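One chain, subunit A, appears in both complexes that follow, with subunit B as partner in the first and subunit C in the second.
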Partner chain A sequence: MYDGNKIIIGLVVFGLLIISPILYNTLGKASVPPEPDINTPEINKMVEKKCVEPKSFMRANHMQILNDWRDEVVRVGKTRTYVNGEGKEFNMSLQNTCMKCHSNKKNFCDKCHTYMAVKPYCWDCHIAPKEKTT
Partner chain B sequence: MHIAVPFFTVIFLVLIAYAGIEAAHLHVLFGIVIPYAAFTVFVLGFILRVRNWGRSPVPFRIPTTCGQQKSLPWIKASTVENPSSTFGVIVRMALEILFFRSLFRNLKTEMHEDRVVYGSAKWLWLAGLAFHWSFLIIVIRHFRFFLGDIPFVLEMVEGLDAFLQIGAPLLYTTDIIILGAVTYLFLRRVAIPQLKYISLAADYFPLFLIFGIALSGVLMRYFFKVHVVGVKTLTMGWLSLSPVIPENVGVIFYIHLFLISVLLAYFPFSKLMHVGGVFLSPTRNLINNNRMKRHVNPWDYPVHVHTYEEYEEEFRDKMKSVGLPVEKE
Partner chain C sequence: MSMNRRQFLKIAGLTTIAGVGGPVIVAGMKERLLEASELVDVPERSGALTAQRWGMVVDMSRFRTEADRQKVIDACHHIHNVPDFGNPKDEIKWIWPETYEHAFPGREDEYMPHALKEMPFLVLCNHCANPPCVRVCPTKATFKRKDGIVMMDMHRCIGCRFCMAACPFGARSFNWRDPRGKDAQGRPFIRKENPEYPTRTIGVVEKCTFCTERLAKGLQPACAEASDGGLVFGDLEDENSDIRNKLRNHFTIRRKTELGTSPSVYYVIGGAEHV
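Our next item is the complex of A and B:
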């Protein structure tokens, strides 16, 4: 007696598992790399379009800054002023600093977060901005 | 030697990836060519190994049992520990694969005042379980890089893994557990003399390699952050067979990726094949029905048999003539 048939079934399952992402992606929606939109009134007003820190740094580390600001303001409570690499000062505030320029949560924050399945818990405490769904 | 060689091999692998990206700028090699090659070796090697195992004949049931065999109706049989049906085997295998049931019976033998005593030894089982489950959850979590529209189940796994809500990005408990478990599994090999004696380079190398993968992943997520969306465009590119190297993804990502590629390519040739082997363990996955069913040995060839009836048919006249008794007249 050989048990080859059962092993072939096992290998077919292995193969299906291996190609499952491809199958899933072909059947599901096509994924397009997100392009966060910075077309907001506040940003358009700026002469030099600059965030708190350089773009490449913000792209990878913005969550770190937000977390540090939260800890500094809510837990330590000594200062509310953030000094960036260029010596410029900012008010440590999600709603009054970040969201003032990036007032388009749906087309800015959510773009990448949805793409990467990241669910930041900013809006557990803060009130999410009301936007027209476009 | 058994520890130093694999240790420095992993260090060397990290340096290769670092130099390849930072000095030689071989992004295509480390981001596309090597991952594809490693993945191909993994899949083909895995299938060939399992196919070779599948060619082995199964002449007889050889399960190691630890319960009452099914016999008379009034003797209570152990359906899982001594399975007499496919259902029993499925439950037994599930317990073995998901919860390492046979390792749970691990014993420690010691001399106590000239007496041999067997004590329970569950630490290996616990660390093994913690390691394998964290690894599985981590692999599942990584599917967010390979699926366009991320299913709810994946988000749930991530949410549960990050439920402590420490820091940003959120700390995953499995990241801590896997590093701790691998460290324990390594220290165990070094600290127990008998175990150290039988441990080879092939035992230490996977431990160091997996530790390196986990550590580079942890460093990438929490310390030297990379452009994650760029990483996902690369991984989605692999699936569509038209990968493009994203800009400005940090070198730590390529180190992580190179170590994973080495693990995948090494996989089919190593002890790591136990992921396939555990399903094919004949002492676990066979029904104990030696007496219930006839199992034909596949290497039995047809033997030419000359029965007594045929013999008598052939020599009946001669037998009669010398007065020998015959069965048929």
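Our next item is the complex of A and C:
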């Protein structure tokens, strides 16, 4: 092989460059998944800090619930009432139910959505609450 | 094992029945299982107003002054975050004044009272029984609810404006500009936001919804509430409702009935003592 050394060195450099993002992530600091903040005056006031459904369920399925609520409110429902697993009733409303407690959109919604690079268009129309964090 | 022709046919027949009928039975069972395990039976929220077909009577004898009309318009437009772009080309309107000539074209006569001809009628979406806007919407963003309300789903609207072309009453407005924006003087288009109701976004069509959000809470529409009896809202199919009573006792007209859309909004021009 002519100029074998040069080619091999070139290949090694090339390989390193290609895997550099992976090296950067594994050797460097792994980015920490954010913890949504529930520190708002409204939630702190609650005796039992409970969302509409259990936390684990909400974490995985809140988008599905919001979709269902939207269809129910806009398209089907006349009652607009959600009954959760415990039989408790809630008004199906992003602005008037969800965000009444989670009045810290920046530290609650946006934190994870930014991390996951998802851009839900809720806030194009729905009015975000005034930021409240204690 | 040997098999004669008769046995073979029997087995083949049974297999066919199982193959065709089996999935149906299984699907049926599954559905029932789902229904049993999930809470689908939502109790009727006490106090939600319901009807067979919602309608409204606009009693013009109660809207003699500008203030009477403005009060109603402001009530609606404030509660629904309707922007004011300050120019008629971009105007968004859910309920607005229109002269008799424009509201009831073809019904104006040469010698009719001048006052009536010029009188600004309050007009809004007619929530037609046969709504052309619903027929043309390519995404089903606008649709007719079971209670007669022609509703908009802003999540689905793609802003094609077919519905605006189809509506013979001009009841629909398009957001040419961002309703959350500000004018040249830095004044927001929505003067005072109502945090309980969403705004719209640029590029969607909007109109009156007969206050579905208020009906669900058991409240009358905002305009009817602010009108001091000038707007009578109720169930057109219920013989004993206020609105049917009003229709029984007054001569009413509707807009452009010749088009066959069958509007649900009726107009009382005014009693003998008024016009």
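Keep this in mind: the second predicted complex is superposed on the first by the 100 of 134 C-alpha atoms of A that agree within 3 Å, B and C clash if a C-alpha of one lies under 4 Å from a C-alpha of the other, contacts with A are read in each partner's own complex, and residues count from 1 in each chain.
Throughout what follows, a contact is a pair of C-beta atoms (placed from the backbone, for glycine too) under 8 Å apart; a residue touches a chain by one contact, two chains touch by 3 or more.
Treat the numbers as computed from the prediction; the structure is a model and nothing was measured.
Shared-chain residue A:95: touches subunit C; no touch with subunit B.
Between subunit B and subunit C, it is B that contacts the larger number of residues in subunit A. Residue contacts after overlaying the shared chain place A:115 against subunit B, while subunit C stays out of touching range.
Legend: residue contacts after superposition of the two complexes on their common chain; A:7 is shown touching subunit B, with no touch to subunit C. Shared-chain residue A:18: touches subunit B; no touch with subunit C. On the subunit A side of its complex with subunit C, the touching residues are 70, 74-75, 77-83, 85, 89, 95-96, 124-127, 129. The part of subunit B that touches subunit A in the complex is made up of residues 43, 46-47, 50-51, 53-59, 143-144, 146-150, 154-155, 158-159, 165, 167-169, 225-229, 232-233, 236, 239, 248, 250, 276, 279-280, 295-298.
Contact residues on subunit A toward subunit B in their complex (touch as defined above): 1-4, 7-8, 10-11, 14-15, 18, 21-22, 24-25, 28-31, 33-34, 56, 59-61, 63-64, 66-67, 112, 115-121. Within the complex formed with subunit A, the residues of subunit C that make contact are 39, 42-45, 48, 50, 81, 143, 147, 151, 153-155, 193, 195-201, 215-216.
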